[in-house]
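Common to both upcoming complexes is chain A, partnered first by chain B, then by chain C.
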Partner chain A sequence: MNFKHKFVFLFPGLFVLIGILIFPIIFTIRLSLSGWNSYTPEMNFIGITNYIRLFTDDPRFWESFFRLSFLSVTTVILQYVIGFALAMIVWREIKFKRFFRVIFLVPMMTTPVIMTVIWRTFFHESLGPVNDLLGGLGVKPILWLSDPVIAKFTVIIVEVWQWTPFMFLLLLAGLLSLPKEPFLAAAIDGASPFRKFVYVTFPLMAPISIGAIIIRLIEASKIMDTVFVLTSGGPGTATETSSFYIYIKGLREFQMGYAATLSFTYLVIMIISLTIIAKVLTKLMIKE
Partner chain B sequence: MSKFYTFLKYFFITFWTVFVVAPFLWAVSTSFKDFQSVNSKVTYIPWLDFEPTLEGWRVLIKSPAKGGVDIVEPYFNSIFVTCTASLISIVLGTLAAYALSRFTFKAGFVRNNDITFFFISQRIMPPIVLSIPFFIFLSTIGLLDSLLGLVVVYIVLLMPIAVWIMVDFFNRVPKELDETALIDGCNPYQAFYKVVLPNSIPGLIVAGMFCIIFGWIDFFFAFILTFTEVQLLPVKVVALNSSITPWWSLSASALVSVAPLIIVAFIVERYLSKGNLSGALK
Partner chain C sequence: MKTIKTCVTALISALLVFSPVAYADKWSDQFPHIKATGDIPGDCSYESMSKKNYKGKTLKINTHAVPVMGEPTALHAEQFAKLTGAKVDVTHTPAGDLYAKAMVPFQAGQAPYDIVFGFSNFINDWRRYLEPVPKKYVEMKQMKDVTPSHIGVASWDGVMYQFPVDGDRHYLKYRKDVIDNPEYQKQYKEATGKELKVPTTWKEYGEMAAYFNGWDWDGDGEKEYGSAEVMKKDDLMYAAFYSRSAAYSKNPKTPGGFFFDLETMEPLINNPGFVEALTDWVAATKYVPPGGINFGLGDEIGSFGGGQTLFSFSWDDAFVAAMQPDSPINNKVGAAQLPGATKVWNRKTNSWDEGFNQAPFFVWGWAVGVAKKSKEKEMAFDYLCFFANEANHQADIGIGRFGVNPFRNDDFKVDVWTQIGWDKDIAQSYVDTLAQMEQSKNRVFPLRVPGTFEFNAALATAAAKALAGQLSPQAALDEAAKQWNDILNRVGKDNVRKAYAVGVAMEDNKQ
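Our next item is the complex of A and B:
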C-alpha cells in the first residue's frame, strides 16, 4: 500500500492532541521552576527551589498521596469483586436479566458531582434518611461526613456506587466474549461451580481483568469530584487527595509555581506506579 | 448447596439493586418537598409523610430575576459542548485508530503500540494538572469562559477513549475486507469510507456513547475554565449546593441533569445482549 496514505489517517488526530497538549505540559514544567504566586505573579526563575520544598518540607502532599493510594486501591478492589460477582450472576440465564443489567449500568451514566450532591443530603447527619433509618433500628447517629475515619468510608461508598458499573460492564463484555468449549469440557468432567470458576472462568478472564483494573485505577486516581462536593477534603485534611491538595495550592492560595511542581511530580509518580502495577498484575494473574 | 447458592445470588442482586436505586428514590421524594418537610424531620413518602408541592420543579424554568434557577441555558451548553467534542474526537480518533490498526509506523524506537499508548495515556493526566496551564492558555487566546474553549479541552479528554475503543475494534475487522476493496479499484480512502466504516457501526456507536458519557459527566474543567458567560450543567447544580441549599430544587435539577444519559444505559445494555459490545470493549 502506498506509503503516504497512512499519515493522512494518523496525523490529524495526533497533531490535534499534541497541539492542544504541548503548551500545557511545557508550561507546567517551566512554571514549576518559578516562584509564581499572588505576590509575584511573574515567570521568574528560581531553579529547583520548589522541588526541594516538596521533597523536604511538605508532609501534607505525601499524606494526601498515600490517602489517595488507599482510597483508589480500596475502591478498585471493591469494585472488582462486586463487579465480577454481579457480572457472573447476570451472565447466565436469570429472571429479569436485562432489567438487572440496565439497573447495574445506570450509576456510571450519572454525573458524579451531581449524584454526590444527592449523596450529601442522603448522608446528612440529622436530616438524611440513612441515620434516620438506622435510628429506627436503635443505632446512634453516625457522623458520616464529619468524622475523619468514617468520612473516608463515605467517600469509598459513593465511589463504589458510581464506578462499579464500569467494572461490571467491562467484565460482563469480557465474559460474553469467552469461547464456549472450555465450559463444555468442564461440564462433561462434572466440575463443581466453584472449581469451574477457579480453573476455567477466572484464568480465561485474567487478561480482561487486568485491563479493567488498570483502567479503573487510572480513573480512580483522579478522584476529585466526589471529594470536592462531599467533604471538601475535610474534616481537616481527612479526605484530601493529591488532586485536591494541588487545587488548594494552585487555585485557592494561588501558589501557581509550587502547584505546578506538585502537578509534575504527581504525574511522574502516577505514570511510574501505574506501569509497575500493570506489570505486577500481569505476572500475578497470568501464571501459566 | 445449590439452594443456598440461589438464595445468596438473589439476596445479593436485590441488595445491590436497592443500593443503586436508593439515592434516586430519595431525590425524587425530596424534589416534591417544601421547607417544612425537609427541615422538621426526615420524611419519605408523599401524601403519607408530607404534602407534595411542585415548587422544586417550578423554579427550574423561572428566570433568575424571579428567584428561579434557570438551568435551561446550561442544559443546552452542556449538550452542545459534549456533542461537538465527541463528534470531533470520534472523527479524528477513528482515523488515527484505523491507521494504527492497519499500517506499520516506525520512527526511531517508536512503534504502533507506543503511539496507541501515547493516545490512551492522556487519560492518566489528572484534570487538575492540566487545568492551571489551560486556564492561562485559554485566557491568552481569548477563549476563557467560552464554549469553544471547553470544546478544545474536552477533545483531550475524549479522543483517548475513541482511539482506545476503535483500535481494538478495527483489529477485529478482517483485513481481507480492505484488501478486496483495494483490488476492486478503490483507493485507500474509498476503501476506508465505503467498506470499513459501514462495517464498524457498532464500534462507532460504543465509542460515541463512551465519549458522550465522559464528556457529559465532567465537572472540573467546566468549573475552572468558565465563570459567568458560559455555564455547564454540573457547575450550575453544584453552585446551587453551595448557596442556601434548597434541597427540593437541588434534587429536581439533579434528576433533570442525569436523566438523558439513563437512556444510554438502555442502549449499552442492548448492544451488550446482542453481543456487539464484547468485541468493541476488550
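Our next item is the complex of A and C:
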C-alpha cells in the first residue's frame, strides 16, 4: 500500500472531529459577531460590538464568573476531601465493603434534575422537612434558598452530595491500583498510619488526584441544572453562574449573538484557567 | 299513572334546569369534565368535533408545564383526539422557556409545533410567524362573546393572531374571614389604632400583612403569613412589580406613557413612583411565608389558595383555587381592586401629586397561536376552537390551577359562579372587581414592543436584586433604566416607540 493512502483511514475520524468540535466553535465565533436576537433574526455582521459590550458594560457576567469560580473550587475541594476519605475507608478490609462501595455511588447514579427537585423540597423554607426537623430541635427556620449567602451553600451541599461519588470512584480505582511494595516498606519501617498516608499514599495518588480534580473542575464549571432547579440563580443574582447567565441571555432573552459572545469568551477563559490550575497542581502535588 | 308520569317529567325537567349535574348527555358521560353543563351546541362543540375526521394526522402542541394552562391543554388534547381520531402530541415547557422554544424554530423557518402557547405580550415578536385566525373562527358565535379588550389583546393592527383562550388581570385577594372578623378588627384597632378593612392603599396592605404575619390566626395549628406574591426573578415577577407600581406611577394627569415617555422614549421605571413601589416590595419580603422570595406563580397560587396567607395579588388563579370545593378556605376569600396610593408621581412637574390614586394592571394572559409553517392549520384551529368552546370554557374557569380566566361577557355574570358553589356575595365581589377594571379610565397595559422579553428580564433582575438586598431600590431601578436605554439603542427607539404607541393609546383611552 502506498504510504500516502494510509491517511485516508483518518478521514472518518477527522470528519467527526470537524463536525462535532471545529464546526460548532467556528459557528459560535461567527454568531458572536452578529446581532441575532428576537427582532433581528439574521446572521448580520456587527464586528466586535458584542465583545466591547461584554468587556465594558456587563458586570453581571463577570460577577457570575467569580461566583462560579467560588462555587466550583469549593465544591471540588470538598468532593476531593470527602471522596478521598470514603475511598480510604472502603479500600481497607472492612465488613460489608462491597455494600458500602455501591451505597457511596448511589447519588451519582441518580438524575441530577430529579434529585435537585427533591433537595429543593427538602430545603423548602416553610414546607420542607429540613426546617421542620431543625424546628423540633429548637432551631429557627433557616432561609436555605432565600438568603443570598446561605443559598450559595445550599447549592454547594447539593453539588457535593451529587458528585462526591464520582471523585470517590476515581480515587478508589487509583488506590486499588497502587503498588503494594511502598506500603510494605513503610510497615517494616514502623510508619504510623498518618505518616503512611502523608509520605506514601498521598504522593502515590497525586497524579490520579490531579486528573480527578481537573475532571471535576471542568464539570463543576458547567454547573447549570442544580442552579436552574434549586434557585433559578436567586435570590436576586446570588447564585447565578456563568452558564446559567449565558442560558438566560440566549434562550430566555433570545440575544443569540450576544450569548455566543459570552460562550466563546467563557470557553477561552476556561481553557486558560484550567491549564494554569493543572500546572499549579502538578507543581504542588508531584515532587520529582 | 299519568300523574306519576307528569311528576317524573317535571322532576327531570327541573333537574335539567337547576342542577349542575343534571345536564348529563352522551358527551358528558364520556367526558366528565363537562358534567356541569353537558355539551353546549356550537361550531366547536363536542358534537361538532365528533363529525371531524383527522385520523392518521398528528397535531403537535407546545404548552406550559402542568398544571397552569398545561393541564387543560393536555386534557382537551386527549378529548380532541378521542373525538376526531387525531394523534395529539403535547410538549410541556416552563414559563420562562416558552418564548424561545417557539422563536428558535420560527427564526429557523421550521414548525416543530403546530400550536404554540405563550403570553399575549409576545404578540409583537411572534406575529410574523403566526397564521392569522381565519375569518370563519373570528365570526363564530363563541368569539362574539369575547370582550372587546381581549379581542384587542389577541390582535395587532386589526388582525387576530392569537386565539382567545384566557383573559387576565391582576387584582387583590384577601381572607374575608379575617378582614371581616369583628374580633380581629378590635384586636387590630387596639394594636395599631387603625381600622381592619379591605386595604385601599399599598401602605395599608403592608401594615395589615405585617400584623398578620407569622402566627396561627385561623386556628389550624399552622402559622399563617401576611402575603403571597410572585417574587421569583424568572417567573413573571416583573408583572407583580408593575402591579405594585401602577398606583404610584400611573398618573391620569400625565398621559403619554407609563413605562417610557412616549415623546422622548426616556425610561420612567426609575422615577420616584417606581422606587416607592419597590421600597414597599422590599418591605414585603418581611411578611411573606419563609421562602416567599422564591415564590413563582404556582407557589403563589398554592400558598394563598391553600390558606397560608392573608393577602395575595396577581392573576385570578389563586382566587379560583381558593374557591374550589376542596380548598380549606372555600368561600372565605374576597376580591377587590389592586390597592392604590395616597400620592402619585407627576413626571411633568417632577413632584408628587397628593390624593388617592389607583390604576388596574391589565396584565393580559395566556395566548396561543398557530404556526404559519404548520401543515395542519385547519386541525390546529379546530383544536383551539374546541379548547375554548362554551362547555370547556365554563368548566375550565372554575378550576383554579388551570389558569383559564374570564374573557367573555358571560363570565361576568354572578350565576356562572354561584352555580359552581360560590357564595353569592363573593361571586358578586369577584365580578364587580373584574367589571370595575374594565371600566377604569386609568389602566396600565403591559409592554408589547420589540424586545419585550429583554425589557422585562432587565427589570426583573434589578427588582430581584433589590428584594435580595443586593442593591437599594433606587440603585436597582437605575440599573434597570440604564439597561432599558441600552436595549432601546439596540432595537431602535423609533421601532419601540411605534409599537409602544399602540399600548399608550389604550392607556390614554384613545382606543
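One rule holds in what follows: the second predicted complex is superposed on the first by the 269 of 288 C-alpha atoms of A that agree within 3 Å, B and C clash if a C-alpha of one lies under 4 Å from a C-alpha of the other, contacts with A are read in each partner's own complex, and residues count from 1 in each chain.
In this text, a residue touches a chain if its C-beta (ideal position, glycine included) is under 8 Å from a C-beta of that chain, and two chains touch if they have at least 3 such contacts.
None of these values were measured; they are calculated from a predicted model.
Contact with chain C, but none with chain B, is seen for A:L143 once the two complexes are overlaid on the shared chain.
When the two complexes are overlaid on their common chain A, residue A:F9 makes contact with chain B while staying clear of chain C.
In the superposition on chain A, contact of A:L274 is made with chain B only, not with chain C. Of the two partners chain B and chain C, it is B that touches the larger number of chain A residues. After overlaying the two complexes on the shared chain, residue contacts for A:S243 are found with chain B alone; chain C is out of touch. Looking at the shared chain after the overlay, A:G47 reaches neither chain B nor chain C.
In the superposition on chain A, contact is made by A:L251 with both chain B and chain C.
Residue overlap on chain A between the chain B contacts of one complex and the chain C contacts of the other covers 127, 250-251. Within the complex formed with chain A, the residues of chain C that make contact are 96-97, 99-100, 103-104, 106-107, 125, 225, 232-235, 289-294, 308, 450-451, 453-454, 457, 461, 464-471, 486, 490-491, 495. Only residues 1-2, 5-10, 12-14, 16-17, 20-21, 23-25, 27-28, 31, 82, 85-86, 89-90, 94, 98, 100-115, 117-122, 127-129, 132, 161, 169-170, 172-174, 176-177, 193, 208, 211, 218-219, 221-222, 224-225, 228-229, 242-243, 246-247, 250-251, 256, 259-260, 263-264, 266-267, 270-271, 274 of chain A touch chain B when the two sit together in their complex. Interface of chain A with chain C (complex): residues 35, 37-39, 41, 57, 60, 124-127, 131, 141, 143-146, 148, 231-238, 248, 250-255. By the touch criterion stated above, chain B contacts chain A in their complex at residues 5, 9, 12-13, 16-17, 19-23, 26-27, 30, 38-39, 41-42, 44, 92-93, 95-96, 98-100, 102-103, 105, 115, 119, 121-134, 136-137, 152-153, 155-156, 159, 163, 182, 188-189, 192, 213, 216-217, 219-220, 224, 233-234, 237-238, 240-241, 247, 250-251, 254, 257-258, 261-262, 264-266, 268-269, 272-273, 275, 277-282.
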